[in-house]
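The following pair of complexes shares a single chain, chain A, combined with chain B in the former and chain C in the latter.
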Partner chain A sequence: MTAIPKSRSLALLALPAALLIVGVYAAPMVGLGRMSFNETGPTGAMVNAFSFDIWAQMLGDDFTWELTLNSLWLSFVATTAALVLGYPLALFLFRTESRFRGLLIVLAVAPMLVSSVVRVFGWLAILGDRGFINFLLMQSGLASAPTRLVYNLTGAAIGLTESLMPYMILALLAGFGRLDRTLEEASASLGAPAWRTFTRVTLPLSLPAILLGWLLCFVLAMSAYVTPKLLGGGRVFLLATEIYDQAITTVNWPLAAALALFTLVVLTLFLGTYSALSRKVQA
Partner chain B sequence: MPSLSIQGLTKRYGATVAVDGLSLDVGAGEAVALLGPSGCGKTTTLRMVAGLIEPGDGSIRLDGVDITRQPAYRRGMGYVFQSYALFPHMSVSANVGFGLDERGVGRAERDQRVSQALDLVRLQGLGHRKPKELSGGQQQRVALARALVIKPAVLLLDESLSNLDSKLRDAMRQEIRDIQRALSITTLFVTHDQIEAFTMCDRIAVMEKGRIAQIGSARDIYDDPVSRFVAQFVGRANVLPLTRTGDGLSLAGAPVSVSSVPTGDVDLFIRPQLVKLLAPSEPASGLDRLTGKVTRVSFVGERVEVVVDTAAGRIIVEPPAGTTPPDEGADIGVGWRPADARAFRREDA
Partner chain C sequence: MTGVGAGPVLKVFAALVYAFLLSPVLIVIVISFSADSFIVFPPTGLSLQWYGRLFGHPALMAGLQFSLVIAVIVSVLSLALGVPAAYALAKGNFRGREALANLFLAPILLPTLVLGLALLLFFQPLRLTATIPGLVLGHLCVTLPFVVRMMTTAFATLPDEVEAAAATLGAPPWRVAQRVTLPLAMPGLLAAAALSFLLSFDETVISLFLSGPRASTLPVEMVRYVEGRTDPMIAALSVLLIAGTLVIVIAVEKLVGVTRAIGR
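Entry: the complex of A and B
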């Protein structure tokens, strides 16, 4: 048998993954990059070229920046809401000694098994003008006209939040490693009431979980398409929906490619800042 | 320093009775050990005193004030956890100062008391470290300092030394005992290690199955165990089966006397230190005696241990220091004063 040097044999292990990434990720990205320097002919067909026209047009358009802000804002709101709602749930699931713990965890992440289209229709039934919530509001006399809860940013945010929650809960559960009941008991024995124990011990110790969950869900939110598209009713303009529209509806491939790369840059910058900040917070 | 009084404390977990009507008084400034085998309910008792679990029944009083239903954070008990339970995200100083923050102690006084507490446990200068940067012994001291700095009503220690190596444990025992005495802190100390209980406490409460089997000084318990369980759990004892004869008891045919004898089948208990080695035919007035053969002589540290096989069974003898031990294989006699022997009912095998 020939002895393979250790570092080389380890590198071999990474080969399949590396090939896969080059094949399905890097190569298309390069293709996308190349495409963004093409031009659109008068007929709307893509013309091979090497010009910065599309980039200049995109970056000079206020609408691009509006899309960026919308996307960042919606992702921020939905991710934060998923965190606030998911945290107590995850903490309960982490802590419970119930023999149904496994089942409860499966239930918490079960929505992942349902197609997002189906879930969107569920939300329409709940949030629509003649949906469940408005029915209750009007029947109880709290409102005389239906409140707009779908086909706007609110609807998109609600739907997105719900679709992020399973991921948030899983990420939190994975990150809760340092949480320890004994530490909370120590805190209580030292004179801290429950809420002080929460802010001084539980919350700081779950910070790694929070940072991880927030990051994961933010990335998912930025790339979400179906939920905000359907619940936004075409009135919520985001980077993801615009890329789709440019590629499929308008068939402006160079612009769609440029937008996609632009989104990638925005996300990379954002995540760079985020991880630098979170390293500082955790130090 | 307040006194602690526990009355009829009970805790059930389903069918298990973890603590079963336990009553115990700890005087002001006194250190009492709860000594018992694993699973006898020591931790459960301590946690009820601290308010970390709710008692099913019974009461806990501090200087006569009922605190049975008071939440843990209002009790002001200093609890030293077996795992230390130091806050990993805080420095040593912050850990020690935690309880002072909760009491609203001002910054200057807090810093001063924290540094005093660190001095007390000989950790001066390590305040800025994180717990994980300390050795096990040092972490243990931080946990102790954190519990002491709040001037606890009662200091509660749960097997606090069991995670240390034996040398460090000896040193910490002495250190904790000195601090406890110097500050005269009312202390309840849980352990399954009798040496720990003997060296660190004024009185020892031996626990069996959620109850206190016997309470008293180390000497009392060692010399005068009230039950078979206590006699066997605390110290070592030779156990020899007795048979009832017409008007008395006999050990392998030889008549013996024991002060108080329970009914039923009984065994004789005698401590190895209280057995004397005799020449095989030496007359021994006032002693009950047996003859046998020396099967082993071993040196256990500074002690000598002689194993003698007799007709009644194997007897371990610890002769006083300075005696010349007999040769292995020699015929020998063993004897003891009847007053030193105890008889306890035989356990169902």
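Entry: the complex of A and C
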């Protein structure tokens, strides 16, 4: 007899966890799909049915498409800004020979460990009417009245950019493994100026990392709720904020479910197009 | 100048990006000592009043207590369910193992916003919303996949020979697990417990869907507070949360380091 259980019977060990995931993930997701085919009665109460009414109503409403464009635009801006800011920092972390390299990497990803509500509060103190930026602008005489930097799209974009950056930096750092320093040295020793070495050697070599990091952060941005909601101050209308409002404030569950599934469809279509395009770019 | 190493331009740029990335957290720390009644930066005076008021705020204190209870239950259950599952995935060789691994990964791939909504619709008829069991089940959906993934890697790197040796010497399977496998996997177990605690404690979106008037986690109470008014009390609370997170991260680092040292 072997005391190590036969590997087949080991499968039983995974049973409780698998049942739990089926119970609190698979079953609710099926329920979400079913809910989107219910109807909302004239009083606003939910009616059990099987119809495409909610889908037709949602897709025929201009507001849905406005929300979709807002979400895509905000995610595009924040993700691109996170890439532009994160790339030099990731390159620095990849190249530095400082003995504090480990600590510097931890500092760059540490904001992930701090609750998003805390960081939103920090941005309110920096960007608010009586915040740090407006203090500097007024003290220096550049402005006589505070500039509105929060409770609008600007605030939401800045906060979202910051919240994406740790993920972007991690993705870039993981992808920089392919960067071969000897190629950069060769380019430099052949007399190429630094910027030319960067655009001709470093940037093309890190393209796969850039494409992957951008995609990861875009998906995160499209589903972000807390940061754009609080820094947008209820004036930034996104798919994410609308799903929550329909579920909790209006209590129109069929519409909330249809919007959530619609968001997943938009994301899936985007992922498909993006990976087809990026395969072309890299070829 | 060569294309290698971090040049001065890159260093300056990196410093600026660090300033952008870390400024919200640093400013929260400064403003927690503010004497003002609004968010004003720089503060016009310093005081500890917001720390004092924080402990007298019933909703935030109740939220803190509620979140701690949930996070402890979630970490215990995540390990109890996730560790055996990870062991099966790492050491087992059965049909459907790939499918099982994918099932455990699936919830991570789904936005928590969609998951939160699905759980709300599913739990409402079962009267599980705004209850401890409901929130625990919702959080498990997030923590269990992470624990399974972390521990699968940890078990996969354990050599089979040690367990086989213990078995050959006549130890029954449960004793092999208790005396050999689990002690060897201890660093991973501690890290997984800490991670599920932090993930549950910080979870905001799922909790927003599943919380109710008398059962709200701390992040939910914080979101409501920041939506309603803007005074430095949340900053004082934030500093305590950052300090708590640091203590957990450092403690795990020390414990895991020490355990590893003893293990060798």
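FYI, the second predicted complex is superposed on the first by the 254 of 283 C-alpha atoms of A that agree within 3 Å, B and C clash if a C-alpha of one lies under 4 Å from a C-alpha of the other, contacts with A are read in each partner's own complex, and residues count from 1 in each chain.
One rule holds for everything that comes next: a contact is a pair of C-beta atoms (placed from the backbone, for glycine too) under 8 Å apart; a residue touches a chain by one contact, two chains touch by 3 or more.
Being a predicted model, the structure only gives us computed values, none of them experimental.
In the superposition on chain A, contact is made by A:205 with chain B only, not with chain C.
Counting the residues of chain A that each partner touches, chain B and chain C differ, and the larger count belongs to C. In the superposed model, A:188 makes contact with both chain B and chain C.
Once the two complexes are overlaid on the shared chain, A:10 sits against chain C while remaining clear of chain B.
Judged by the touch definition given at the top, the superposed model places A:28 against chain C, while chain B stays out of reach.
Of the two partner chains, chain B is the only one touched by A:178; chain C is not. Looking at the shared chain after the overlay, A:251 reaches neither chain B nor chain C. Looking at chain A, you'll find residues 185, 187-189, 192, 201 touch chain B in one structure and chain C in the other. Interface residues of chain A facing chain B in the complex, by the touch rule stated above, are 178, 180, 182-183, 185-193, 196, 200-201, 204-205. Interface of chain C with chain A (complex): residues 1-7, 10-11, 13-14, 17-18, 20-28, 31, 38-42, 81-82, 84-85, 87-89, 91-94, 96-97, 100, 103-104, 106-107, 110-115, 117-123, 137-138, 140-141, 144-145, 148, 160, 163-164, 166-168, 170-173, 176, 198, 202, 204-205, 208-209, 219, 222-223, 226-227, 230, 234-235, 238, 241-242, 245, 249. Residues 50-52, 71-79, 81, 83, 85-89, 98-99, 102-103, 146-147, 150 of chain B touch chain A in their complex. Interface residues of chain A, counted against chain C in their complex, comprise 2-5, 7-8, 10-14, 16-18, 20-29, 31-32, 35, 85-86, 88-89, 91-93, 95-97, 107-108, 110-111, 113-126, 128, 130-132, 135, 162, 165-166, 181, 184-185, 187-189, 192, 194, 197-198, 201-202, 219, 222-223, 225-226, 230, 240, 243-244, 247-248, 253, 256-257, 260, 263-264.
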